[in-house]
Structure formats: structure tokens, C-alpha cells
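Order as written gives the chain letters A, B, C, D, E and F; numbering starts at 1 within each chain.
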Amino acid sequence: MTIPIVPKLLRSHLSDLAERDARIDGRGRWEGRELEVQHSILPRAEGSARVRMGDTIVLAGVKFQIMTPYPDRPNQGGLMCSAEVRPVAGRNWESGPPSPESIELGRVVDRGIRESGCIDVDSLCIIPGEKAWQVILDLFAISDDGNLFDAFALAGIVALRNATVPAERFEVGEDYQLSVSKTPIMCSYHRVGGRFVFDATAREELGGDERIHITLGDDNNVHSLQKGLKGIFSADEFTEIMDNAIERTEKLRKIVDEL
Amino acid sequence: MGGYGEVQMIDENGVRADGRGPGDIRPITIETGVVPVADGSCRMTWGTNEAIVAVYGPMEAHPRKIQRQDRAVLDVAYNMAPFSTTDRMRPGFNRRSREVSKVTQDALESVVLLELYPRSKIRISIEIVSAEAGTRCVGLTAASVALADAGIPMTDLVVSVASGKINDVVVCDLNKEEDNYGEADLPMGIMPNSGELVFLQMDGDLSQDEFKQAWKYNMDAAQEIHKLMVEALNGGDSQ
Amino acid sequence: MTIPIVPKLLRSHLSDLAERDARIDGRGRWEGRELEVQHSILPRAEGSARVRMGDTIVLAGVKFQIMTPYPDRPNQGGLMCSAEVRPVAGRNWESGPPSPESIELGRVVDRGIRESGCIDVDSLCIIPGEKAWQVILDLFAISDDGNLFDAFALAGIVALRNATVPAERFEVGEDYQLSVSKTPIMCSYHRVGGRFVFDATAREELGGDERIHITLGDDNNVHSLQKGLKGIFSADEFTEIMDNAIERTEKLRKIVDEL
Amino acid sequence: MGGYGEVQMIDENGVRADGRGPGDIRPITIETGVVPVADGSCRMTWGTNEAIVAVYGPMEAHPRKIQRQDRAVLDVAYNMAPFSTTDRMRPGFNRRSREVSKVTQDALESVVLLELYPRSKIRISIEIVSAEAGTRCVGLTAASVALADAGIPMTDLVVSVASGKINDVVVCDLNKEEDNYGEADLPMGIMPNSGELVFLQMDGDLSQDEFKQAWKYNMDAAQEIHKLMVEALNGGDSQ
Amino acid sequence: MTIPIVPKLLRSHLSDLAERDARIDGRGRWEGRELEVQHSILPRAEGSARVRMGDTIVLAGVKFQIMTPYPDRPNQGGLMCSAEVRPVAGRNWESGPPSPESIELGRVVDRGIRESGCIDVDSLCIIPGEKAWQVILDLFAISDDGNLFDAFALAGIVALRNATVPAERFEVGEDYQLSVSKTPIMCSYHRVGGRFVFDATAREELGGDERIHITLGDDNNVHSLQKGLKGIFSADEFTEIMDNAIERTEKLRKIVDEL
Amino acid sequence: MGGYGEVQMIDENGVRADGRGPGDIRPITIETGVVPVADGSCRMTWGTNEAIVAVYGPMEAHPRKIQRQDRAVLDVAYNMAPFSTTDRMRPGFNRRSREVSKVTQDALESVVLLELYPRSKIRISIEIVSAEAGTRCVGLTAASVALADAGIPMTDLVVSVASGKINDVVVCDLNKEEDNYGEADLPMGIMPNSGELVFLQMDGDLSQDEFKQAWKYNMDAAQEIHKLMVEALNGGDSQ
């Protein structure tokens, strides 16, 4: 990603807005953008989802491969999650090898899903020591207007929950639904104009500072945290964010569970 | 071309396995404005192909060494998403993608009025999110719609479509099975108003007469697809 | 390849010549350069050729490897064709990973040979499902004064026709001649000064526009077409080129068949 | 997190396999000036981890496109030497190293007074020559010492330390076995004077209460480690 | 490595010193810097060493892997030696793929050790044709104040001489000491101010010309030579260097043998 | 060096398997002007080695950061064509090729009068199209002929040749089998007029006396080869 010169004017404008507890698009500090979630929309993927949050649009697709289990874990399959943000998604994204930003995107989403234990890797075993399923979750950005993290994480869990294990195509039995026992949800907060807000847009990201990503599981257990970018935050600020995340993830989890 | 002659894909009445006649194309939908942050964009489905194209620019060309004093440069990247194919496609560099990017760029540079934007760059990203057969045709056609959606002046739109040969019969717009087992593939990029060409490839085995028939099918299909493109750009429902 | 600034003077000079139906080196529009073809000139290759067309010189070498057949085609070997244009061949060619130009060169030649069916891949099988020959045709430019396409394609088919399968070295029987049943020939046309010409030199390529490559087989069947570079052509122009290619490939095929 | 619940790593009295209590850290040594040709450097051992950090700069930032008109840029590279791990680590590009480099850079940019050196670059090389568990914490802590050794002004040092969970008990500073079989890992980067954070990650499964306990262990350990850092910078013997 | 502009002032200063047979740090022409050698200092390596020559500091680590012997040498294991000079070691070293300088460093050290025959590759066989040890010697620069070559070579042979074959970890028997039958030693000479000197510092390298590396074995047999950089030398100059190397390597070999 | 002592490559009368005496070199041919589009070129066969070298320049050095204010830079690339070896050589990056390129460049920079062409670049491409043994010597020798053919001023030509040891006997100019099973290899780059060296490598095991004999063989062979080079440059037939 090319680093645009951060416009000083934008930063000072965002500070002014923050003083009045306002945001550039009129939202409240903890308010998310309009959300639209669809699943099973990609004909070649075994599971898929499309998430739209304002002008941010992403796809997630699940594919399966047969792997040989690792010698020290003969009864386990695997889960791989990778994120790609190609130039299609915005004028500052460039082609070439994966940028540090997209590597971070993939890893942060991967951790939240993996650590929640929502995929039982033991259930992916076909023949112990010989064959197991590798689940591959690919996250793909179509339009980046900020907060790709939450969009990717949401699309990822929805795609997994709607995935069919293609056993017939691989001639190892009958197709069946991938078992996903939990619904980890990520919420991301950016410091904009001095205070943290939820679900920042691209302009807020551009004129903002550090960001904090929290993935919570079904019982509000913490599965993944990540602080990104330069910036300093206090314990009190973190507590406020965590409280908001607990509230927010419960709502989003309900939406996903009811799809 | 696979060339497995034994697979029967068209019957003695000229009806293909999916019910089409020899000159028929698969269903097509076209939508613009699908990438809100882009200057122009297009989503095109064609059979079970789906392409999403975003256009950014004209913008400053950098690094400076790619600038041209007297015209804009295009930067076309064709890519297949990892979940676009039956077996997952590994992301990253790939000779086929680079080749398709290049021929698509050559085709589009033939119609865009590049000299209107000296020193600038127009970036065209073609993402195949679902692939059946003929993705390069889908990508090129959708790219010309996205350029129009971005308001970039062109001498004409480009319609790309391929004919080929299955079971020794020339047919238009091969689907996946026909492409796998077919005996020839002739994709063309056509300017629908003049009937001139900006893109041409061919693989396989066609006699001179078969070649002329395939050419004609492409020319006729181009007119049909052109109507859908114009409707989509005029805000109509192309479905 | 570095892209030299196209000299406007050169373009206008080529246009002037075209109006008088003349070319920069005095040839007629459909006239090829002096041709020299040699075979079996590389001691380490199992088949080889050297083609000189004016100041364009290329080598082709054939090597063999043992491969495991693909599971869905257990009785077939393989053919791989790759082209390299290294800095030795001209001041505008640079080192590094293969340029788009050299990838295109390899693919266009590969297609013409492959699609003609001149190599019977079933005959390359050694043990069904286990061992087969992979034929590797490497095209290598020594001096690029334009129209590498036709030079590569010609050197490629000549090298294949003179190749010996090195069965003894691989301990799978006795050496034998590679069977090549057809003689696909490529002809390339460049738009120079507004009209298409055959066998363009490097200066004509530099000041010209699009190019069209046609590979025809023994019965004038079309095996491969490719249009390269920016440019628009009409159906009538194409017909004229195709007619010329039919005539020209017959002559070249005769030369190759009589070597 | 491995999550192999069956391995017993802490007994009913809260004594860990290596004899530590839940809140205890492993032995630490810190030494400066260990890379004579660098502007500042630090060697830190922590358990059987060993990191060597060299700081070069401020120096001219080139190529010019990485320059910032109003501040210095940091260039942090974290790397593991091939002999630093039980199975040899192949040299070269590696996603984990790039990610650790990035978070370390983000943390250090939060404390270095970058605006004092416009257009310049400060290069920080973190080499793990022996790895146990918690190498990112060792690297970040040692890097802040090396920056101080180079005389680069900072608002505060950074102490990085991780707590986690083993056999359902929250403990501080996981060793290798605890890291392999543990159930959570919470590394933090702490400014010891203000108690504010510049780095935070977490993996695994912690209830809200467990999370608070792990946070507290890190805060306490940071104060302890900070003393050793200050001693080393004052030329004292930190062992 | 970035190539700093060679300061002309430095070159002329070094020439002046050379005329008085002096060196920039006061040493004599054939005098080495203070040397410090430690072994077994890296907990994760099976053998290790640290060498300090003035302000030049390097590490060497030995690791083992199980390899399949090459078909034509079923009774032999392998030795691989690679050198890395990362940005930690000096302000002119850059990250990225291995530079030509570090490739040369690795190869020159590798050759001297390999050609001396000090490692009996036949003794590395575990099961003929199936399993053998691959010894991997990694050389790693901590601080580059010149003459990394000799420091790497010395650290390398010391690390090998102190290496334990980790048979238990790989479940192929009991651990045992790697057998190293000889002690090859490298000496390097740089042309500085017109004449060759031993053990050049970074500043002498910067203002100097070609360098010559000699590896001698236990009987003064020559195992490896390498001339580096632009420069011309005469047969007489070489003879003088070789005589010095014979004397010097004997002293260093004694130090190593007595560790 | 393979060091397979059991293969008999020289008999008790000092006659080698290919009939040569210990100090004899393989047959050599040299031809200039073989790359018509280059500024200078050379084709050299030596045994069954064949090298083709093209020289381009002096030309503008770019990117500018490689320019030197006071002299030209050489850009030497040594490469083996995929069909040059018994087992096909995969194209692309390769440590051996980079190393040979570097030592060849160092040798040529020692003789080319670089200061005559400040800020410019001279590109030297060495392509081995058939490899036997001693390709680096063939490449370096042919490169100095190609530079002379391009009219680039040099203080002297460079002749490169290698001696070695087979069955405990020192011999000159190893062929392929001798190289595979030999016990030492000493390639040198010699300025034939002064007898000075610009290139020196050695691998294997040579006593001090054997080393002196190998050195002498190289010096004598250099004079012989130099005559062929001069003939080729004077337009004579070198065969």
C-alpha cells in the first residue's frame, strides 16, 4: 500500500469534530455503518459470504484440500486463513507481493477464528496419519472504505458456517456441512481526533492513529487482541473499548446466528 | 484444447448439452458502480463466470519512469481470486495472468483516447471471482464497461467473445465442459460499431472454412452483447 | 525489456516509405530476409537448431526429463516450451525475471507446436501411470534484429525434428528418434507505416504498431493466432495476411522438410 | 496456542515446572555496546532467549520516497538467526518476522521523538540468536535499550512482557514448554513510567477475569524489568 | 551492500601511511588484531563459536538435518555452509536477498572447509541410500569492522569441532561428537595503499583494492584460493603472501587445536 | 572436486584419456562479430565448451544510482543456457552464476580503462551455450576478446585457463571427466604481456610443489591462447 501524505487539514478537522463528539459522516462515536451480509454467493467456493459495511465490500470463500496430517498431530486437519487486498479495492493498494498491511489483516482474522476453537480440527481427519481436510479461508477485498478487519472477520465466519465439505469430489465419502461450533466476532476501534471510535471509514483511518482489534467468543471470552500502528493508549481507554466490544459482539453474533 | 473426441457435447440436431444452439451465447448480466470507492466499475456475470472490474484514474503516473509525455498509460491487472476455481488457485504471480493482463491492455489501449491525458495513468483491475470458461472475454468486455462508467473517452466499446469447435462442429461461446474437451478456441475483441478487431487469439485446429464460421459467430454475438452493455450504461436493467 | 521512446521521426519516415510501398531495408512488403537454418549444432542438447534471419539469430535446444504422468492422463508424456531473451541479444533486453515479452514469445510458439499435434504425447509414455518423457524445448535469442517469433518457431520445430530420445542415459531402453508427425510454421506480420508487412526488423518493430502471428499446419489448418500490441485491424486486412501466410508457410515447410 | 490440556505444568501449590511462582519472570541479563560498529546496541538474555540489537542513525533516509518532511522514519527488522531454533530456521523472507517487525516498529514509533530528525532514518536491527519463548518481547525491550544507548531521545523506555494461561492458571512470562502447551498468550509493551501501552496482542482463550489477572502480572513484571534496563544503561551490572 | 563513494582522501591517506610502512590503527603490515575465540555459546545450536577480531564479531552455529543421500553417492551425507551479513552488522549492509558479497563470503569459507576433507562425508551415513546427516554451518555477522572472511572461517571450524550429532533427538541412536579430522585455516590479505596487508579493517577495505584469500591445511597444502575485487597483482606479490600465510595459519591452527 | 581416486585418467607415460600430455590444452576456436546487433562480440569454442559474448556500450548508466562520477561501470552477467548441460539447467537466479559473474567482472574491471568513460556503463553478457569444464575460463577469455572487438581500450587482454590434478599428477586444462574426478582445480586470469594476474581461484588439495607446477602450466598455456586471440582480432582464422 502506498502511504499517502497524511493531510494535516484532515487531522485538524477530525480533532474539531471529536471535540463536539461528532464524526465526519454524522455517526455517533460507537455507531457502526449500515451492514449487509449474504452467504453462498460464489459458485466455485464450498462456502462463501459477502459483507457490505457502508462502502466497504468484501468477499470470503472457503475451499478444501486434502493434506497429510503433521506427524505430531496425526488426527488433525488444518485451517488456513489468508487475506488479499488487491488494487481493485482502492487507489492506494498496489499489486505485488502481500503488503505488511494485508499480512496483518490475514493474521489478525486468522487468530480470532482459530483461537476461538470454532473449527474442531480433530473432526477434519479422514484417515489418521494419512489424510485430513485442510480448510482454506480466503478473504478478498472488493472496495476498501475502511475497517476491512471487521468486514473480513464477519465474512470469514459466515462463509465457514455455510461451507460444505466436498467429500464426493475428492472421493472420500458423502458431502456434509462443515461443523462450526462457535461464533467469534471481531470489533475494531480507531483513535480518531484523539478518542477511539468504532468502525472507522477510510478517511478516519487516514487521519487517525492507532487501532485496536478485539475478538470475543460466545461467552465474552477474549480470543485475540491486536494493537496496530503507532500510538499510545491508557488502561482506562482500553477498558472502555472492551466494554463496548462485549455489547457490540453480542448483537453481531445474533445476526450471524440467525442468517 | 483437450481434444478428447469421445465426449458427446452436441447432438445430431445441433443441440448442445446445456440446450443451446451452435450460435447461442450463455446468459449475461451487467451492473455498474459496484466498487463504490472506484472511479468506475462493472460486475459482469456470464454463465457462471463473474468478473468485477474497477477503474482508477486518470491519476498521476508514478514512478515517473512509466510516464509518457504525450499520452496516458494503462495499467491492466487481470487476476483470478483464490476461490474462483474448482481447485483453489494459489495467490500470486502467475504466467497466465500476466499474459491475459497484457493482451487485455493491448486491446484497451487501442480504443482509449490516451492522448487526452498526457503523463497520467489509468489503472484497471480485473478480478475473476468465479471462473467458468472464457474469463478473458468476460474481463475485457467488463473492463470496457467500467472505463465507460468512469467517463474515460473511447472510440468504441470492446466486446470480447470466443467461438470454438466441439465434436467437429463450430459453436459459439464455449462453456466449461466444451472448453475442456473442445478442439479449438477463437477469442476475439470486437469494436461493435465498426466491426474492427483489437484482440485476437486462437488455439487448436480449425480448417480455413471452420475458421470463417467461428469468426462469423463471434461477430454476430458481439452485436447481441453490445446491446446489454449499452443498456447497463444507460442505467437499464440488463438481466 | 526497457521501452525506448518511440522516435517520431522514425514513425514518419516509415509512413513515407509505406506510401511508396517501400521498406527501410529495401525489401518488398511480403519479402522475408535471407534465411539460414542449421541443426544438431549443440553438443549437450538432444536436438538443436540455429536459425538466422538477417541479423536475427536464435538457438533452440531440446532436452528430456522423466516425469510422472498426471493422474488423469496416465499414458501421456509432456511438452514444455520456454523462451528466454537475455541481455546478450540486444541493448534493450534486461536481465531479471522473464519479461512479459519473453513470456508471450514462449507461449505463442508453444501453442502453435502443441496445437498442431506434431508431437504425439501418448508415444512419450514409458510405463503407464509411472514414467513418461517430458520434452523440453528451450528457445534462446543470440541477436535480436526483429521478428524473434518466427525465428523461434522455426528453430523450435527443426530442433524437435532432429531430437533423439536419450533412453540409454536414463536406462529405459535404446535411444531413438523423437517422432514429429507434422510441421507447423509460424508467420508474423507487423503494421509498419500503416500497412502490414512480413518479417519486420527491429527498427520496423520500434516504429510500428500491432503484430499478428499465425501458425498453420500441414493442411493450412489454423493452429494458433495471436494479436500483439496496441492496434486496430479490419477483417479485410486479416484476410490479406492469412492468404499470404498460407503461401509463405508452404514454402518454409518445404525447406524444413528437406533439411 | 497448543491447547494440550493433559501436560501438567503447574502443581496444586502454584509451583511451575521450572520452580517459578505464577507471577515470576525468568532470569534476565542486559548489556550495551555489544556491536562496536553501531551507534547503539544491546544484548539481552532472558531465559535461554538471546537477542542482539543494533541501532544505526539518525542517518539520511534513502531512497528519497521513504523520507518524511516532518519527522524521522524508523526501519525495524526483526529476524531469527538460522541456528536460533531447535529445527534450523531457513534464512530469508518469512511472514512471522515481517509481522513482528511491524508491531515492534509501531511500538517504538510511539515513544521515539521522531519529529526531532526530519527526513532522516533510524535503523533498528533485532537479531534473535537463541529463541525460547517470548522472542518478540525480548526484541522490543532490547531495542528500547539500544535506542537509549544510541542517545536517541524517547518519551520513555518500552518494557515488553507476556503473561498467559497454563493448566487453567494464569501465569507470567511463559517458558518454551508453557508456550507450546499453554492456552493463552498476552504480550504487552508498557511505558514503565506512565503505565500506558504501545503494544498489545493476545491469542487464545481468557475469560474477562483471567484477562485482568494476566494484565496485572504484566504491569508488575514491567516495573521489575525496567530496573534492570536502567541499571544496564547506567553502566551497572544487570546480572 | 550499498557501495559508499570511496573517499579519495582516505585512499591518499592510506598511500601515505603505506610509504612509511604504517597502518591506520598502528599495526604492522603482517600483524593481526586482538583475537578472542569462544565455543559452545549458543543454546539451540549443536555446535557454536564466537570470534572477535578487534571490532569484528561473528557467530557460527552448526545444525543437523536428516537427508536422503544422492543416488550416485548412497553412503555420503552432506555439508552446507552459508553466510549471512544482515543490517545488524554495519550501516552499509542492507536487508533483502543475499548480496553478492555475502554469497562470496559463504562460498569461499565453504570451499576451504570442504576441500580440506576435514569432515568425512562417509561417516555421516546412517542407512546407506536412505538416511544420512546433513551438517549445516551457518555463519552470522554481528559487527563488521573488516575481514569477515577470516573471522567466519575461524568461527566455522571451531563450531564444527565442537559439534554434537543430535542422534537422540532424531531417534537414530545416541548423540556423539562430530568427527573433524583436520583444521583448515584461512588468511586474507588486502591491497591497501599499494601493498598487501594482513587482516584489514573496514576502513582499509573501503580505501583499498583487491584481496586474496588462502586456505591452508594441516601440511600447508593449499585447499582454496580466491582473489576478490578489481585489481592486478604479480607473481612475486603472491609468493610473499603465500609465505606469510604458511607462517600465520600454523599459529592459528595451534590456537584452535588447543581450545 | 570429486576426489574419486579410483578412476584412471592418465597413464604411466603421462598420456591422458583424450590423448593429451600433462601440459596440453584442448582445441580452441575464436570468432568475432557473431552477435550482429552488439557493439562487440565473440564466439569461443574450447573442447566442447561454447561461449557467446556480447558487449554493449559504453552507454548511459541507469538507474542513476549505479553511475560513477569518475569512471564507467561494468555490468557482467555470466549465464548457462538451459540446454548447455547434460541435465537441463533451470533458467533463472543461481548462486554459482552470480559468483562467476562477480569474479569475471572484478577481473575485467582490472584491465578496462574505465576512467575514460565517466558516468557510463559497459554491459558484457556471457552466455555458455555448451558446457564441458572450465566454462568460467572460456567466458572470461572470450569476454576480453569481445571487449577488444567493441573497441574498448584495455591495458591488456585477459587469458584465463585452469590447471589441476588427476590421479596425483598435475595437468593443464581439465576436461569434463578430469574435472569430475580430479583432485584440484586452479583457474587463473593472466595478462599475457606482463604475466600479472587479475583472477585467481583454487579448490582442492595441492601441495606447495604441486601448486607451483600448476601455476607454471597456466602461464605457458596463456601465451599459447593469447596468440589465437590476437589472430582472431586481426581477422585471421584462428582454427
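The definition used in the following text is that a contact is a pair of C-beta atoms (placed from the backbone, for glycine too) under 8 Å apart; a residue touches a chain by one contact, two chains touch by 3 or more.
Since the model is a prediction, treat every value here as computed from it, not as a measurement.
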**Message:** Using only Cα atoms to place each chain's centre, name the chain farthest from chain D.
**Reply:** C
**Complete:** Most remote chain w.r.t. Chain F, using mean C-alpha positions, is A
**Item:** Distance between the centres, which are taken as Cα means, of chain F and chain D, whole angstrom
**Value:** 51
**Request:** Could you put a whole-Å number on the gap between the CA centroids of chain A and chain E?
**Result:** 48
**For chain D paired with chain E, centre-to-centre distance based on mean C-alpha positions, whole Å** = 32
**Item:** Touching two or more other chains - residue numbers and ranges from chain A
**Value:** 98
**Message:** Where in chain D do residues touch two or more of the other chains?
**Reply:** none
**Asked** Among line, ring, star, complete and other, which best matches the way these chains touch?
**Response** ring
**Successive chains around the closed ring, taking chain B as origin and chain C next** = B, C, F, E, D, A
**Request:** Mind listing the chain F positions that touch chain C in their complex?
**Result:** 34-38, 48, 50, 52-54, 56, 59, 77, 79, 81-88, 91-92, 123, 125-127, 129-131
**Fill in**
The chain A residues in contact with chain D across the complex are 98, 100, 103-104, 107, 111, 115-117, 210, 212, 217, 219-235, 238, 242, 246
**In the complex, chain E residues that touch chain D** = 42-45, 48, 55, 57, 59, 61-63, 65, 82, 84, 86-91, 95, 97-98, 136, 138, 140, 142-145, 169, 202
**Request:** Would you mind writing out the residues of chain D in touch with chain A in their complex?
**Result:** 1, 3, 95, 98-99, 102-103, 106, 109-111, 186, 191, 194-208, 211, 215
